[in-house]
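These are the structures, in structure tokens.
Here chain A shows up in two complexes: once beside chain B, once beside chain C.
On to the complex of A and B.
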């Protein structure tokens, strides 16, 4: 498992486009939005979260595009299958690395921008935690979409898995409201942590079956 | 010692029977050359033997579940956005990296080790991909068209590698339109399907 994490980290590190692109887009959207409206007429702290949520969805969508496609195209998936005998660990480590190196920094950017745009500094950790967990869920779901349509253009699969992201968005929205109103956050975040564990355990199993079908 | 055996294996794709009731065995120090025309199922047979592709019927047995296999198929499994040196680091870690770099030198790739793999020629990329097999110790080597794209010097090097590995007791299965210089049992898929 450690070997796989090391390989995936190195691959991602050199694929600048895959990790820097989503982060730059996140920064760009979150910076451009307050500049594009007359902030004196709006209570920015109240609806800035909506922009963060949409940006989060968009960037996780972008970050997971081509997650397995490259390994499938160049034959690395076959090689990993020979070593590991299935794809569970490969998928698990890939999602782990993507969440750690793209998902968490994106969540951090979101949390920093939320504070910079009027959200209370005390909420920073709660916002960061909610966004990180949402990214964990979104990355798992989009990885599934990516694996489904690996030989038909990964973007198509990610698009088809987009409806699956709606419950995550609803959950994140609820978490954000609970942060804003100061109640029920613990319950929501516990639910998100539970879902995060469950999806992180089950989704690699489903994805590995999909990948095996593709190389078969 | 028997490394791998296939008994009465059949494979059907899109209602077309690629091969039917095919049996083969590969022992330590023995080579198997799979021949056949384009589309006869050579690569598929290799993938079936490796467990990558599921067979329609039959049985495949390995010496043991941990049989160490080195494989290179049609796809090179190297990263175009990395340099050859980085690719080898990714493949071998620190364990047998020095051995891999020795092969890099033997294959005349040392001078391009810091160039992007995407900028290398087809033959150079193929050589780099072959290092995965050449620098790794394994009990069974499985290669799909290993000579394609190689110059004469590299082909000779590959042939002498086969001779050395077979003498050390490693098994070899390969598909090739080019006759390897080692003695192998031969399976002709066109005839097997007839």
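On to the complex of A and C.
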């Protein structure tokens, strides 16, 4: 498992577009949004979260786009399958690396920007935690969409995984409301942690079934 | 005996043969009940005390949304059969049911929008029930697109089945959305376990419409799946004999 994590980390490090691109887009959207509206007329603190949520959805999709495509095209996916005899560990380590190196920094950017736009500094940890867990869920779901469509383009990936991602967005919205109103956050975050564990355990299994179908 | 029946019925050949005799029965029952239900509902049921005659779209809207969910549930069961037991027929049925599901979901959304104008004052609202039904519609389109994306049909069948099984998570969300969130959409008026809040003079034609649409959709499903099966198995001897 450690070997796979090392391989995936070094692979991702050299794919600059995959990790730097989503972060830059996140920063760009969050910076451009207050500039595009008349902030004196809107209470930015209240609805800045909405733009964070939408940016999160967009960047997590961008980050996972082509997650398996390159490996599939150059044959390394097949090679890993022959070594490991299964895709479960490969997928699990790939998602782990993506969440750690792209998902968590994106969540950090989101939390910093929310504080910079008027959200109380005490909420920083709660916002960061909610965004990180949402990213964990979204990365798993988008990885599933990408595994299904593999080399058939982003459009198919969106069509297949976006409907599944929307419940996560609803959950994140509820978490953010609970932060804003100051009650019920613990219940929502516990639910998200539970879902995170469940999806992280089950989704690699489903993704590996989809990848096996492509290899067959 | 049951397993022998399932084994026999799960072959595309038996399905085509059995449904050939069932189709006239289903289409006749379906259309007759739809005509009775809609005539009763549209012409003879009393107007609603609050909504007047605009409520009559219920006789199309409610059956449509019920089957939008049921068709997906049926597809999920077929998908499970295809993944676990590799039943070919199950994949054929999913592929044939998906366009019908998409069509009926669209009808449900469209009729709901028409109903929304006089009752809510808006044809669309991003509320939990409507949004989750829209997600279901996108899901149907995703399934169809995914299946059409690969030249290897066996691979398409398998990937489509995986997606259908995962997407079933949306069905309880749609069903319970009106209870879990405060929505503009009203909670369910009809309950299988009793306690329906709708007057019997409106309930009976509604039930007849639901059953009628059910049989009509099954007939439509039989038609599409038969033609799809014959297309997929065109090189088999039994198809050449059949045609």
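What we mean here is this: the second predicted complex is superposed on the first by the 211 of 216 C-alpha atoms of A that agree within 3 Å, B and C clash if a C-alpha of one lies under 4 Å from a C-alpha of the other, contacts with A are read in each partner's own complex, and residues count from 1 in each chain.
Everything that follows uses one rule, which is that contacts are C-beta pairs under 8 Å (C-beta built on N, C-alpha and C of every residue); 3 or more make two chains touch, one makes a residue touch a chain.
Bear in mind that the values here come from a model prediction, so they are computed numbers and not experimental data.
Asks: What is the contact status of A:216 with respect to chain B (first) and chain C (second): first, second, both, or neither?
Replies: both
Asks: Pick one for A:206: touches chain B only (first), chain C only (second), both, or neither.
Replies: The second partner, chain C, only.
Asks: Could you look at A:79 and tell me whether it touches chain B, chain C, both or neither (first, second, both, neither)?
Replies: first
Asks: Which holds for A:163: it touches chain B only (first), chain C only (second), both, or neither?
Replies: Second partner only.
Asks: Which holds for A:6: it touches chain B only (first), chain C only (second), both, or neither?
Replies: First partner only, chain B.
Asks: So, does A:46 touch the first partner chain B, the second partner chain C, both, or neither?
Replies: After superposing on A, A:46 lies clear of both chain B and chain C.
Asks: Please work out whether A:144 is in contact with chain B alone, chain C alone, both, or neither, and reply first, second, both or neither.
Replies: second
Asks: Following superposition on chain A, which residues of chain A contact chain B and also contact chain C?
Replies: Common interface on chain A, chain B vs chain C: 216.
Asks: Give the list of chain C residues in touch with chain A in this complex.
Replies: Interface residues on chain C, with respect to chain A: 83, 128, 131-132, 135-136, 138-139, 141-142, 145-146, 149-150, 155, 158-159, 162-163, 166-167, 169-170, 173.
Asks: Touching chain C in the complex: which residues of chain A?
Replies: Touching chain C: residues 144, 148-149, 152, 156, 159-160, 162-164, 166-167, 170, 206, 209-210, 213-214, 216 of chain A.
Asks: Once bound in the complex, which stretches of chain A touch chain B?
Replies: Of all residues in chain A, those touching chain B are 3, 6-7, 10-11, 14-15, 70, 73-76, 78-79, 81-82, 85, 215-216.
Asks: Considering only the defined contacts, which chain B positions touch chain A in the complex?
Replies: Residue positions touching the partner: 47, 50-54, 69, 71, 73-82, 86, 89-90, 93, 132.
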